[in-house]
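There are two complexes below, and they share chain A, which is joined by chain B in the first and by chain C in the second.
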Partner chain A sequence: MKRQVPLLITFFVGTLLIVSIFSPATENLGEEFSVFFDVIAVFAFFLGGGNLLRVHLTKISRKREDWVYSVVTLVGFIVMLWAGLFKIGNEGGIAASVTEESSLFGMVFYSVLIPLQSTMYSLLAFFIASASYRAFRAKNREATILLVAAFIILLGRTAFGTMLTSWMPPSLSLAEIPNLAIWIMNSPNLAGQRAIMIGIGLGVVSMSLRIILGVERTYLGDDGK
Partner chain B sequence: MTYLLRVLLTLALLTGTAVFAQGEPPAVDTTLVDTTTVAPPAPVTGLTGKDRDNDHGHAIELTWTPSVDDLENPSGARSVLRYRIMMWKPTEAYRVDTLRQMYDMVRSNYAPIRVYKPLVDSALILIDQGMVDVSALPFEVLLPEGINRTDAPAEMMKYVRKALQDTLAAMTAQVDISKDSVKVFRSNFLAAVESLPEAFNANGPSSGHGAWDSVGAEVPGATFFRHAGSKEEVSPDFLPDYADLYYRVDAATSDPAVYTASDVCGPVQASGQWYNSGRTVVLISVIIFTILTVVFVQQARRGKELYVRPLAGIEAVDDAIGRATEMGKPILYVLGLGAASDIATIASFTILSRVAKRVAEYQTQLIVPTYDPIVMTVAQEVVKSSYLDAGRPDDYNEDIVYFVTQSQFAYVAAVNGVMLRQLPATNVYMGKFYAESLILAETGALAGSIQIAGTDEIAQIPFFVVACDYTLIGEELYAASAYLGGEPVLLGSLKAQDYAKALFVVCAVAGFLTLILADATGAHWLAQFKQWFMVAD
Partner chain C sequence: MMFDSPMLLLLTAGSGATVGTYIGLAIIVLGLLALLYTSIKAIEVDRRIVFLFIFVAVSIPILFPITFEEKATPVVKRIFDKIESLPEGSRILLSFDFDPAMAPEVQPMADAVMRHALAKNHRVIFMSLWATGQGLLDRTMQRILPNEFPDKVDGVDFASVGYTAGNEGVLNVIVSDFKKMFPSDANSIPLDSLPVFNRFSSCKDLDLVVTFGGGKPGAKEWVLFVGDKANVPVAVGVAAVVAPQMYPYFPNQVLGIMGGIKGAAEYESELIKHYPQFAEQPTPGMVMMGPQTLAHIVIIAFIVFGNVAYFFGRRREEKP
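Up next is the complex of A and B:
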């Protein structure tokens, strides 16, 4: 019974939402059902906060390895919670918006969190460089094709690439590096992407059918055996 | 010195340009000013209207032939600068608009009054009892110039009392604040809305009871307009179904007073459909796919051996867990940034279940940091169940799956920290990933972990391919969950997926060849082939 009720709900809601795709009269049903999800999500925030406190307090109390980081996490969590709940430093008092820049919450958010997030994001540039270095080593035939294609696209997006083949007659315009780069992006690249997308679409339908029919039930903490 | 001179010259040039640009007033281009009277343009012709197909109603589509004097027509006077779409509204429709506005006003005023009136009342009682501290009031009182908080408290409170009384009077003067008044306004409005179709049907343009109302405009050269009204009765754009609607299109010129109206088109009625015929091809595909799935699942249940293509990434999972066991290091499992309702995350739960079971059997350490509290709750249940299945419930620890944060890059920082401090032997990334994919995978590669990734986010697949040892591309993520278990029923659905893919390839090749043949032979029916596969919005 513990498993059957959720499976029945899944089957009923899943079937209803499939029907709604084909019936204009019920096309907004998906959005309306997502409200249920939002309601559950609100309660889940308490779960998240509770888990965070429990995990880090345990770590601190048992002086586990790197427990100092847990102190930093908890201090950050409590300060932001306190600043946000009581609108500390808000000019308009408790009725004002929590994201007001003059408030303590706003100040920490804009002056600490945003720069830290930007820093993490900017690491991506360096990681792209190191990943490209590994990917573009011509170890085998596929990697060589990748290297050549990447080289053409890189050149094609620069003024130097345009200049290199600008002398070519109009009849050979397809062989100009910028046009070659566009062709690679729009033809082989797009064809590959679409093939993957078709596969993903079928995978999603297959997975959804498995869930709706109750064949796949691991998400309930039950592998169906 | 030369360098300084160059800089100074450049600055002087820039400043000079700006100064000259400011100094010279722009010349008036008199050629753009049309001082002549605009002649009435030729009207729009052939105006037709019909209900929009495959929708929930409340929408009409109009088509017409542009005016001969359209701006886009070089052979005409080119005086038509836009087309104004007009709809006939009977007097009753205007009354409904007024009732809607009144209902909106009552509704929007009712809530704040309900909240603030008791507060104001209690504040007035406190002031009458002799309270002199302005800051103790539940309001931020804005004091006018000339009155300071340091003034005599009694004088200031007199001002505050007057201000509160005036505010309350102004609030209650606008609307009757009783709850019943909202109900009365609502029922009056809804009754009027219900009678709208009848009003439209009985009072066409020939009756003279009503007026033309603009419902939109189109640019020169346009031949189509969709009047998409709202189905919400409280919306000002509400367009009733099953009501006789009349339209005309005005060819408008630069002079607002000079325009030519087209012939009236109507009556035309909007109505909703129960079935969207534009999605028939999708329905057929879903039915075929469902039949294939059910057939193969049944075959698998009867014990038929099903061959499923091997997935290198999945076969590597067992080796990776073995490696972690031998090294005595943990396995890090990242579920991505998806919500629990994302199919990719659900597929990831299934893979996590298999990984956790194997980890429990090998008694290796598992770390699952999560981004979403709901995902965390489900993952905890999944891992707990896997430990139970493996016969090692005592080894399950609630700290295996834990919540980190819902901030994307803070989550990345935390997971990267785990990678660099605990140096997991294996990192598994399965689910929805965005910009963080490469940061995670590259950090894992630097930490020397074996990495297995799978996502359905196309933009992130190349990053995982580059930085991970094994990558499940797109649908392999969904296939993995079935493949890992090796259960016949799940493999049956995987087999159906492969057959459906083959069917898609056949359709794509057939479409490709048909279009080439249509071009070569000029056969119209061949060119129509692709229309069979078109899907409506």
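Up next is the complex of A and C:
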């Protein structure tokens, strides 16, 4: 019974949502279920918060490796939750936007989170450069094609690329580096992306059917056993 | 060795180059030539040296800004032309679906499109599918609206409904009933009392959607859940790494694509060309093209060095 009820709910909701796409009579059902989904999504925040507390409190109490970072995580979580829920320092009061710049939440968001996340992302530039140096080697024909495409795209994304071929007459505009970069994106890349998308789409259909029909049960936990 | 000569880049077309820029570039060029010499001797470059060069290449244009003339490519120009061709008072929805990590790439295009839409006297609705997007949206509005559009009235010319949880579930609802998901704006004022939402019930009443982001939910979800279902044109501004994934939707399902800093710079240049009043405003996209250009040239140089070292190393191994 513990397993049959979730399986039945999944089968019922899944089938209904598929039907709602194709039948005008049940068109609104999809929208109604989306509202349910949004309500559940809000509860997921509680679940996520609770899980975060549980995992990190356990780590701190057992003094596991790097437990100090868990303290930082929990302090950050609790301070932001308190600042956001009660809108501490908001000039506009409780009705104002949570990210108002005068508020504590806004201050931490703009002065800590934004610089930290931007810094983490910008570090990618260093790793991409190092990876490109090591990976783009003309070892065989395929690697050479990849190398040439990378050259054109890299140049095409800069003003330098535009300048290099700007002397070309309009009749040869297709050979200009920015246009070559667009061609690579619009033709070979497009073909590859479409193939991947179709593959993913078929995979999603297949996996969805397995879940709806109760063949795939890992989402129930304990590998569905 | 053209790729080893970023100096050429500035001598020929860069503007605003200073003595500091030239000195910095000379250091890079000399360093790269030295590395080319070591590569010919089949010696691999240590990754810390690669990091150092990237650091210098990015730092110089930040310390001594240089800008380049940009020309909008057709994929970007289509977005500009669409906003330009819509009659005044058209409803445009701008969705800030990104976080601070993506902001350096995506924020410049959001700024430019926002300026363009408001300058054309369109009615603009702002929202976010990302919790972190609302903060960035609020800050953008506070930064641009009072200073550049003091005559625009909140609720009449524009409105922000902020963020709501639910990812693509939100889109699935607002495509047929906007107020079901957003009964009030970000300041808790009911949408029914705001003139900007007069005779507006769902996304079907929008004239254009422009989404800025690069993650999920984002551009793809807007196309699948809103663009296709409501038959609304969707334009996207995405991080450079995501742009290739959007091309399968272009041009039928996606009106235009702004990809990364280059896309932002192209839109900014087009905006300034048509609206010279914005020439005095910051153009972060065009400014950041300096570091991007130099970093790309350095990466290209390192790829060349890698291959030189590889071939000379192989030749040495083949020798008896």
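What we mean here is this: the second predicted complex is superposed on the first by the 178 of 225 C-alpha atoms of A that agree within 3 Å, B and C clash if a C-alpha of one lies under 4 Å from a C-alpha of the other, contacts with A are read in each partner's own complex, and residues count from 1 in each chain.
The working rule: a residue touches a chain if its C-beta (ideal position, glycine included) is under 8 Å from a C-beta of that chain, and two chains touch if they have at least 3 such contacts.
Everything numeric here is computed off the predicted structure, so don't read it as measured data.
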Which superposed partner A:Leu113 touches (first chain B, second chain C, both, neither): both
Contacts of A:Val5 with chain B and chain C, given as first, second, both or neither: neither
Which of chain B and chain C A:Leu202 touches, first, second, both or neither: first
First, second, both or neither for A:Leu155, with chain B first and chain C second: second
Partner chain(s) touched by A:Ser130 [first = chain B, second = chain C, both, neither]: both
Which of chain B and chain C A:Thr218 touches, first, second, both or neither: first
Touched partner set for A:Tyr69, first chain B, second chain C, both or neither: first
Which of chain B and chain C A:Tyr121 touches, first, second, both or neither: both
On chain A, positions contacted by chain B and by chain C: 37, 41, 45, 92, 95, 113, 116-117, 120-121, 128, 130, 132, 134, 193, 197
Chain A-facing residues of chain B, complex: 54-57, 140, 272-276, 279, 282-283, 286, 289-290, 293-294, 297, 339-341, 343, 346-347, 349-350, 353, 372-374, 376-378, 381-382, 384-386, 389, 398-399, 402-404, 406-410, 412-413, 417, 421, 435, 438-439, 441-443, 456, 458, 461, 463, 465-467, 473-479, 481-482, 485, 487, 489-490, 493-494, 496-497, 500-501, 504
Of chain A, residues touching chain B in the complex: 18, 21-25, 27, 37, 40-41, 44-45, 47-48, 51-52, 54-55, 58, 65-66, 69, 92-93, 95, 113, 116-117, 120-121, 123-124, 127-128, 130-132, 134-135, 193, 196-200, 202-211, 213, 215-216, 218-225
In the complex with chain A, residue positions of chain C that touch it: 2, 6, 9, 12-13, 45, 47, 50-51, 53-55, 58, 68-71, 73-75, 99-104, 132, 134-136, 138-139, 142, 162, 164-167, 169-170, 172-173, 176-177, 180-181, 186-188, 240, 243-245, 247-248, 250, 260, 262, 289, 292-293, 295-300, 302-303, 305-307, 310-311
Residue numbers on chain A that touch chain C, as the complex places them: 28, 30-31, 34-35, 37-38, 41-42, 45, 92, 95-101, 106, 109-110, 113-118, 120-122, 125-126, 128-130, 132-134, 136-139, 147, 150-151, 154-155, 157-160, 162-164, 178-179, 182, 185-186, 189-190, 193-194, 197
